[in-house]
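Think of it as A, B, C and D in the order they're written, each chain with its own count starting at 1.
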């Protein structure tokens, strides 16, 4: 039975999460506070869901139409592992939780590749390859940053990470880890400074209109939300907090991270692929390895 | 107390340092590194000699391989401590000398590295506490000598000489190797005390004692260039002078004698070994003395003189005077090194080793003179004391031989001095400091060691020489040799006027030398009158007599040279001739019989290859198909068998 | 898990794995082949989950998803016709079934093609220099980049195409099939003829923790060997791949 | 665990067969590489199946699987590097055209 409850939990979290991120993002980017304008923005997205996405004769049918569902599935499975509150759910306490989350992230890249390639268009192909390049180079620093936190928590399970942060948040005594994690999420979830695959001249979502495109955009929001949520769990103590109830803390912390990221998105110009890859391989990966070493030393000293 | 094994290791460390230093450091690092090592070892050995008053050190390590345990290591007893000091001191002085000598040489870095290695190996040879370490360092020393003789490898004769030296000493080393093997077979260990311990009834407890003794002697003969294996030493002079000075006069060639002295109890008991040394030593001393008298090349002359001196030491060992031989060795090391260094200075300046064309250098002349005096055994020098140590111990019959030897050696060294160093050559060479220091030091040592005889004799428990009639007779004979040489080569070539100038020169020396004016003037006047009288006497009486004797000696010398070439050359060419003929015959056989069968099988193989060629299609999937097919077949078989 | 659920899951994943692998070999388009293989590997990972080896499942997915993406990129970069549209351009009308439907000319350099569906289907386009390059849409010739000229259409079976033999498999296919079949059959026979033990109970434990500990204690050598293997492999790949 | 071990082994046998067919029949070098991956996966499935059914508490099986995974990774890396080299020189990577290495 708990398979169903887990699935429900994930989908619910996916829905609320994406809604929250969408509103927060539009709020920060367009500097719009009025609830009416916020709702109007989201409603466009919703009615896009209803319009059909025919695609043209030249597309690779299997890939083109398979992309959107795969993306949404990937994101919801990723959210399965994120612990919102102190409920004894199987997902968050999965023994290989955090590792599983990292693995599932890649499926989004597969979906985008299928979408880009399937569209049988120059921009789509270029965007698809940019997606693959970005994925391959940003999963390594992300993995190492997460390793730092997992080492401190002594287990791969996300709940264990929350438990271990009873005393001091990992983000505080592993600042480098948190920084690398955030920068890597830009690369992984294709948010503004690193959103080359979604830019005008190499857009993965070209030829996608209506439901297909909407689903893919929702999936992108979802993956961004899950990244922020996992970041909050691993580095800012998850749902644990002094006064407020568990889930509220979770929302506050995730919202904080989301705000920080979208602000950074607004502020910096879009990175070219060369800059992004150079940043990942030459700066992030060595830094993340150093971070793991530092954490290891601290743990050895503490133990 | 500093660990014993450090002594041989220090120069090796210096060698490693020299080799590993970056290129731009070699300019002066070479000299410093090796001299540093030299000083370190010198200090160490002096320190050891001081503790030789009964305090014995040993550092042995136990090596176990393939079940057998061998304890190997170094130890000091009076003999090795003294020899160690000698080696270290001479090595240091020669290395200092060679800083100047090798200044422009490109191979300087290699030279100093190998010299340091040699010093280390020689020290471990001397300090070894068992035959195994001794043999290992014996080989290392042989290797270094090969490398150093062949230092100027561009020159054809140098590399050929190095090769010859290495081969001949190898023959000797083989003897020593078999000896060590026999020792292990017999006793299971090669330690000196075990091997040399007197067995029941005086004969050494060692099985095959006499065979081992003979083999040891063969080893010693090879290394010390004695009669059967002697002809490599003169050519070894092709190496740079410091090499000859250190290796081919003072240390390496002396190793043979040290070995004989060390294993003396063994040799004493084996009559075969005893006679072998006697014959070899006798032939070598006389043959090389005569040859030395006929030489025109100063370094070859010194080489032959070394051989004759070594022969003399061999004789001393044969006459059961091991420690006299060792003392002779020590004295010889110092003055022969001095002679070589002096000769080296002028030879390098002149560019050739010819005796006549040497330039005029004050330091070299006085150094050579000191060495010459010591060699011929004139009283104040070391040579006198060691010669008397040997002659006093010798039975009366042999004393005649020794005096003849003294005459010959003083004659040829005096000849060398007058021809080479008193000539009127105009070119003057000034010597850098690094030449002067070792020269003065060695000169000092040759003078001092004489007085060291008493403590050394006590230390080595050797018979003390009593300065009786025989010693005086020897000095006279030496003086006679000098007079003959002087007459033959110096005065006759001069006219009276030149002679007077010589006297005034002496006068000038005396005035400067002793400070008080009155005394030197008187003395000078007396000396000049004496010289005039002698000159007169010489012109009419002595001339005829000495020229006759000298001519006789020369004729004998040339005869010996001719004989030697004739006998050996003709013999070897005959052997070569027969070998060549036999080879051509087998070649005919080989062509007829073997080729046909071999060729046929080759052709068979070739067309088999042709048939197999299509198997190699170059396409990977064919190969992979074969692999998978085999997997399937194999698993099927396995599956069938199990089932 | 109840046996029924387990069986359905097993069958689902097994067919996924086998179908994925098979489709990879049969499909013309390289990218699709990559995706199918990735599907097959994910279902194998699912099988691992069924066998409660969750760490290995996660590792498998991470390794192969990333790996396949890179493989696809390489294939597109290096194969003459990644989109699989050049081959077997049968007359489009009759065989519009799923599998062959995607036979469109996919051109890396050309811009967006014939958005308007004019009647280009009957006419064929060929390159003046390479007559054997045929395509049913204007654009540039993949071989020499020259403008393609219209020409009379010609019936192209997969195999009879002269010159540019674009078939995915080479003439060794038939024996290959036989060997593959024999291999599978023999192993299958071996497997089915033995009575394998039933599964013992499995304490629910944290495989990540335990494998981690084991790797660094008992199986240190395996761990180090694997590490060295990876490093040498990577260095070798970099050196081979380096562009002079 | 109602699904018997034989079922897993059967699946891996079939995968192995498909892999072999793929390696031998495919013309594209990259396709050959991918079929080789299938064979490796078949082997890994076997390992894990045996681990689960024979000795679930001794983790040697899983570690062996990890080693297979490493081998697969390295094989892919080096294989692609070689592919790039061949492609640079010959502008195509059809396995049947590359046949110079022969007697």
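Remarks
The rule is simple: a residue touches a chain if its C-beta (ideal position, glycine included) is under 8 Å from a C-beta of that chain, and two chains touch if they have at least 3 such contacts.
None of the values given here were measured: they were computed from a predicted structure.
Here the chain pair with the top count of touching C-beta pairs is C-D. Put simply, the chain nearest the middle, going by average C-alpha positions, is D. We define each chain's centre as the mean of its Cα atoms; on that basis chain A and chain C are separated by 28 Å.
Centres computed as Cα averages put chain C at a distance of 12 Å from chain D.
Distance from the chain A centre to the chain D centre is 32 Å, each centre being the mean of its Cα atoms.
Chain B and chain D have CA centres that are 71 Å apart.
Touching two or more other chains at once is no residue of chain A. Shown for chain D are the residues that touch two or more other chains, namely 20, 23-25, 95-96. Residue positions of chain B touching 2 or more other chains: 619, 621, 625, 628. Chain pairs recorded as touching, per the definition above, are A-C, B-C, B-D, C-D. Against chain B, the residues of chain C that register as touching in their complex are 170, 172, 175-176, 179-180, 182-183, 186-187, 189-190, 193.
Residues 20, 23-25, 32, 95-96, 98-103 of chain D are the ones touching chain B in the complex. On chain C, the positions that touch chain D within their shared complex are 3, 6-7, 10, 14, 17-18, 21-22, 24-25, 30, 33-34, 37, 40-41, 44, 47-48, 50-53, 55-56, 59-60, 63-64, 67-68, 70-71, 74-75, 77-80, 167-173, 175-177, 179-181, 183-185, 187-188, 190-192, 194, 196-200, 202-203, 207, 210-211, 214-215, 219, 222-223, 225-226, 229-230, 232-234, 236-241, 243. Taken together, the chain B residues at the contact with chain C in this complex read 619, 621-622, 625, 628-629, 631-632, 635-636, 639, 643. Only residues 1-31, 33-35, 37-38, 41, 44-45, 48-49, 51-54, 56-57, 59-67, 69-78, 80-85, 87-88, 92-96 of chain D touch chain C when the two sit together in their complex.
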